[in-house]
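Some notes on the structure that comes next.
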Amino acid sequence: MITEEVLKDIFKPRNLKWRTSITKVEPNKLTTRGYPQEDLIGNVSFSEMIHLLIKGKLPSKNEAKMLEAVLVSFCDHGVTPPSTQTARIMASTGSPLHACIASGLLAFGKNHAGAIEYAMKILQEGIIKAEGDTRKIAEEIVDHFLKNKEKIFGFGHRYHNEDPRAPRLMKLAKKYNCFSKHSELAVAIESLLFEKKNIRMNIDGANGAILSDIGFDWRVGSGIFMIGRLPGILTHVDEERTRESSFRKFFEMDEIYYNGI
Amino acid sequence: MITEEVLKDIFKPRNLKWRTSITKVEPNKLTTRGYPQEDLIGNVSFSEMIHLLIKGKLPSKNEAKMLEAVLVSFCDHGVTPPSTQTARIMASTGSPLHACIASGLLAFGKNHAGAIEYAMKILQEGIIKAEGDTRKIAEEIVDHFLKNKEKIFGFGHRYHNEDPRAPRLMKLAKKYNCFSKHSELAVAIESLLFEKKNIRMNIDGANGAILSDIGFDWRVGSGIFMIGRLPGILTHVDEERTRESSFRKFFEMDEIYYNGI
Amino acid sequence: MITEEVLKDIFKPRNLKWRTSITKVEPNKLTTRGYPQEDLIGNVSFSEMIHLLIKGKLPSKNEAKMLEAVLVSFCDHGVTPPSTQTARIMASTGSPLHACIASGLLAFGKNHAGAIEYAMKILQEGIIKAEGDTRKIAEEIVDHFLKNKEKIFGFGHRYHNEDPRAPRLMKLAKKYNCFSKHSELAVAIESLLFEKKNIRMNIDGANGAILSDIGFDWRVGSGIFMIGRLPGILTHVDEERTRESSFRKFFEMDEIYYNGI
Amino acid sequence: MITEEVLKDIFKPRNLKWRTSITKVEPNKLTTRGYPQEDLIGNVSFSEMIHLLIKGKLPSKNEAKMLEAVLVSFCDHGVTPPSTQTARIMASTGSPLHACIASGLLAFGKNHAGAIEYAMKILQEGIIKAEGDTRKIAEEIVDHFLKNKEKIFGFGHRYHNEDPRAPRLMKLAKKYNCFSKHSELAVAIESLLFEKKNIRMNIDGANGAILSDIGFDWRVGSGIFMIGRLPGILTHVDEERTRESSFRKFFEMDEIYYNGI
């Protein structure tokens, strides 16, 4: 018999495992962050779209210009980054494009592109702790890292002693009114580090500070780096495929040193 | 003794395993496709930078606007795409951000985002073969696929019978003078398919045609999709991490059907 | 002129970037950990080979049997693990086999298969700290986790309140003389947890303890899990490909809950 | 009102999206291919387990020994394989273990470990086509590839002109009664290739033939290679982490050749 209990069990709310607030998908209708996609296409820039997706709202004019510059600055660093090397080696083995690019991104570890995430974490936690006294917290951060003989994420570069991208980005941050607390802290840290160790801000420090000032959480920082770098990795995969012979040797046997039994 | 032979051996040209024409890296100097990076940052849009990287030159104003629209159109499709599902499941396991995003991209197989690559291949090979007679080649393509009972990449969608993004993109292509041979072929195919099977062009067909008309090789097509979709995948990973409990069950045990021994 | 300095520069030792002690590669000759590979093939079991690779020496008879059992125990857990789900979703998109399996492994985050690594870390650090007093250190570990309301890696299971694999493995550890300090600590922790919370040791706890007692460092623990689980993931990818339709929907549109604007 | 229709709709069979015949998961009970896992653990070897998973049944004694030898033979090839290089580069960037190993497997493209899959495909399709005349089909295969100036997957090696693993495996195949049609075809191809081009069977050819003779479908071939190679990749990641400095340069700036604008 269909008792009340039976019906309650039947009509109990279904367990909805998939919830999202990003895009509403209906037949022939896609609404992202409240906007029909056909209204976004052709009316907002790609940078504005990125901001809308991640932060749930469109950026101001200045923020959009700043984000555009940040994304451009991540473009490429030749074949020196491990992510580029692995993507190219992968391409050489005949792996498909998406596997090459995925592998490139997997190289974004703590020591490589992951650095921007840690730089943002240091700056964002620093600002919360600083309560207005930027200089003091900069000193604490620098002292902490120097004492532990560790590198401060976002400062120093293994190829450049003066990363040309950082000052350009800082200048634009001022122009676009995106130079705020986190950028100030980054500059204060740089000033101390330069004095003591002749070390300057690098691209991760500059972009980490700017993205923090625009309001991005440090947890998405290296994701934004990935967005900016993916076109470069794609281009390297394409270059490897079209210009080099497949399955080539990336080094000779006499470049290997065997030091076992 | 240092004979001529010995010296020749010593001075033989070093085997340079790593060649690239994308970015020249020198201490404190980065030159991409001939431009110092500090001149690109703040002066070109992210879309222009993407074009510069992949194609080696800056796009025209119209091409830049078109590419911007194409990249925006790839943004997100809720939690329905397999790439989004895997990225979120991955996030739930506590895997780091770059592993979640890499895994999302690995789902870009032939049946999913890989479709744009195949759509571009069909259109680009079709145009070469067509020698001006677009209508005839459209008929050949449609006949070939219908005969083999296969889907034509770039047409039809499992959620939309009228993908709202495709007509919007085609309209913009005309506005920006990017509607050329490949778009014409795509429209001709759609017209036949709609007549015979009530099937319309989808986003892959529209973007595949437009990217072909701008001059992108089909081999980089799904890479451009990845660039456009990565921000959406990043946002889903962030949503999963911040709104859902970790290591949640994506389905219940009674939703599994065991059909073995 | 060829001065002494010039010659010294020419003959300076080459910078050998690739060093390894695992396998010596010579033309037509492969020597792994001191053994010609053709002598290993057919003479050692796969488990012995795994031990030889990772630890640099062959295991004892008992250790070999134990490792065999550990590897078998990791085999499969149906479609409930996130790694299996992502591998199957991936297969459905038409991604190639290696991309499906790689994606499965990427799901081995902290909350999933990464747990064995943390279980081993807790046990190995505990034993160093214990200085013989296993009971005391077990209490400290349990208190620490209960106080922080965290799960102890290696104990409790979301599908089983009594993981059938753990007691079987513990029994074999005793039989093969591989039940030593780390296993004792794991049993002491289980005894406290069971008393206080009705929680038992799971497969990660049992295997983590045993692998520690055989002498594996915790940093390779989840790698050994991967070796044991890879055949299962491969089988699921094969099952998805051969039994299910491609690009199938893993859930319906009405199973998605949109909770945005 | 609860009409018949309403009830039918309520009680319609649930759409079971997840089906599997590999392992039945019940609370405190795991049954794989019909066997309780606690009966498999300690009673079957890892190789037998792998066979049981993939093929659904336990192997014969001889097949088990053969599979054991095949898996051992895949163990390691020093730092020369692209999969090993990418895994080590990845480790150097500070990426977690599972990302390093996943990236290694992503390098298993067509030109690298994917070769075994193609070798098996050629042999299996050859045998079907041969209808007993192995010699004739061997000639057809060799002619086809030589005419197209392509390498035959499974023959020839860029480091060895006589891969030491192949003859050892062939010898064991005979010993274990696993040398059947596919191995005969592989030997016939080798004989022709050696005569015409001085090219011998490599490990992929030998293992591809043997796995085919044991009854494995070519579509799982490179998956079995992955199982065999994963321990080696894991060991390289461990070696990189414990013996080398992190984020080291894998080559110097003057080893890069810039050939752009």
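Chains here go by letter, A, B, C and D, matching the order in which they are written, and residues are numbered from 1 within each.
The definition used in the following text is that contacts are C-beta pairs under 8 Å (C-beta built on N, C-alpha and C of every residue); 3 or more make two chains touch, one makes a residue touch a chain.
Being a predicted model, the structure only gives us computed values, none of them experimental.
Shared contact partners of subunit A and subunit D, listed by label, are B, C. Interface subunit A/subunit B: over half of the residue numbers present appear on both copies, so the contact uses mostly the same residues. A count of C-beta contacts for the chain pairs B-D and C-D puts C-D on top. Inter-chain centre distance (subunit B to subunit C, centres taken as mean C-alpha positions): 35 Å. As a whole-number value, the distance joining the C-alpha centres of subunit C and subunit D reads 20 Å.
The centroid of the Cα atoms in subunit B and the matching centroid in subunit D are 30 Å apart.
Counting only residues that touch two or more partner chains, subunit A has 17-25, 78-80, 85, 95-96, 98-99, 102-103, 106, 108-109, 114, 159, 249-251, 253, 256, 258. The touch graph of the protein chains shown is complete.
Considering their complex, residues 15, 17-25, 27-30, 32, 36-38, 40-42, 44-47, 49-50, 53-54, 65, 68-69, 71-73, 75-80, 97-99, 101-103, 105-106, 108-109, 113-114, 117, 159-165, 167-169, 172, 175, 217, 219-220, 222-224, 226-228, 230-232, 234-239, 241, 243-244, 248-252 of subunit C touch subunit D. Of all residues in subunit B, those touching subunit D in their complex are 14, 16-25, 33-34, 95-96, 98-99, 102, 106, 251, 253, 255-261. Listing the residues of subunit A that touch subunit D in their complex gives 2, 7, 10, 78-80, 82-83, 85-86, 89-90, 92-96, 99-100, 102-103, 106-112, 114, 158-159, 246-247, 249-250, 253, 256, 258.
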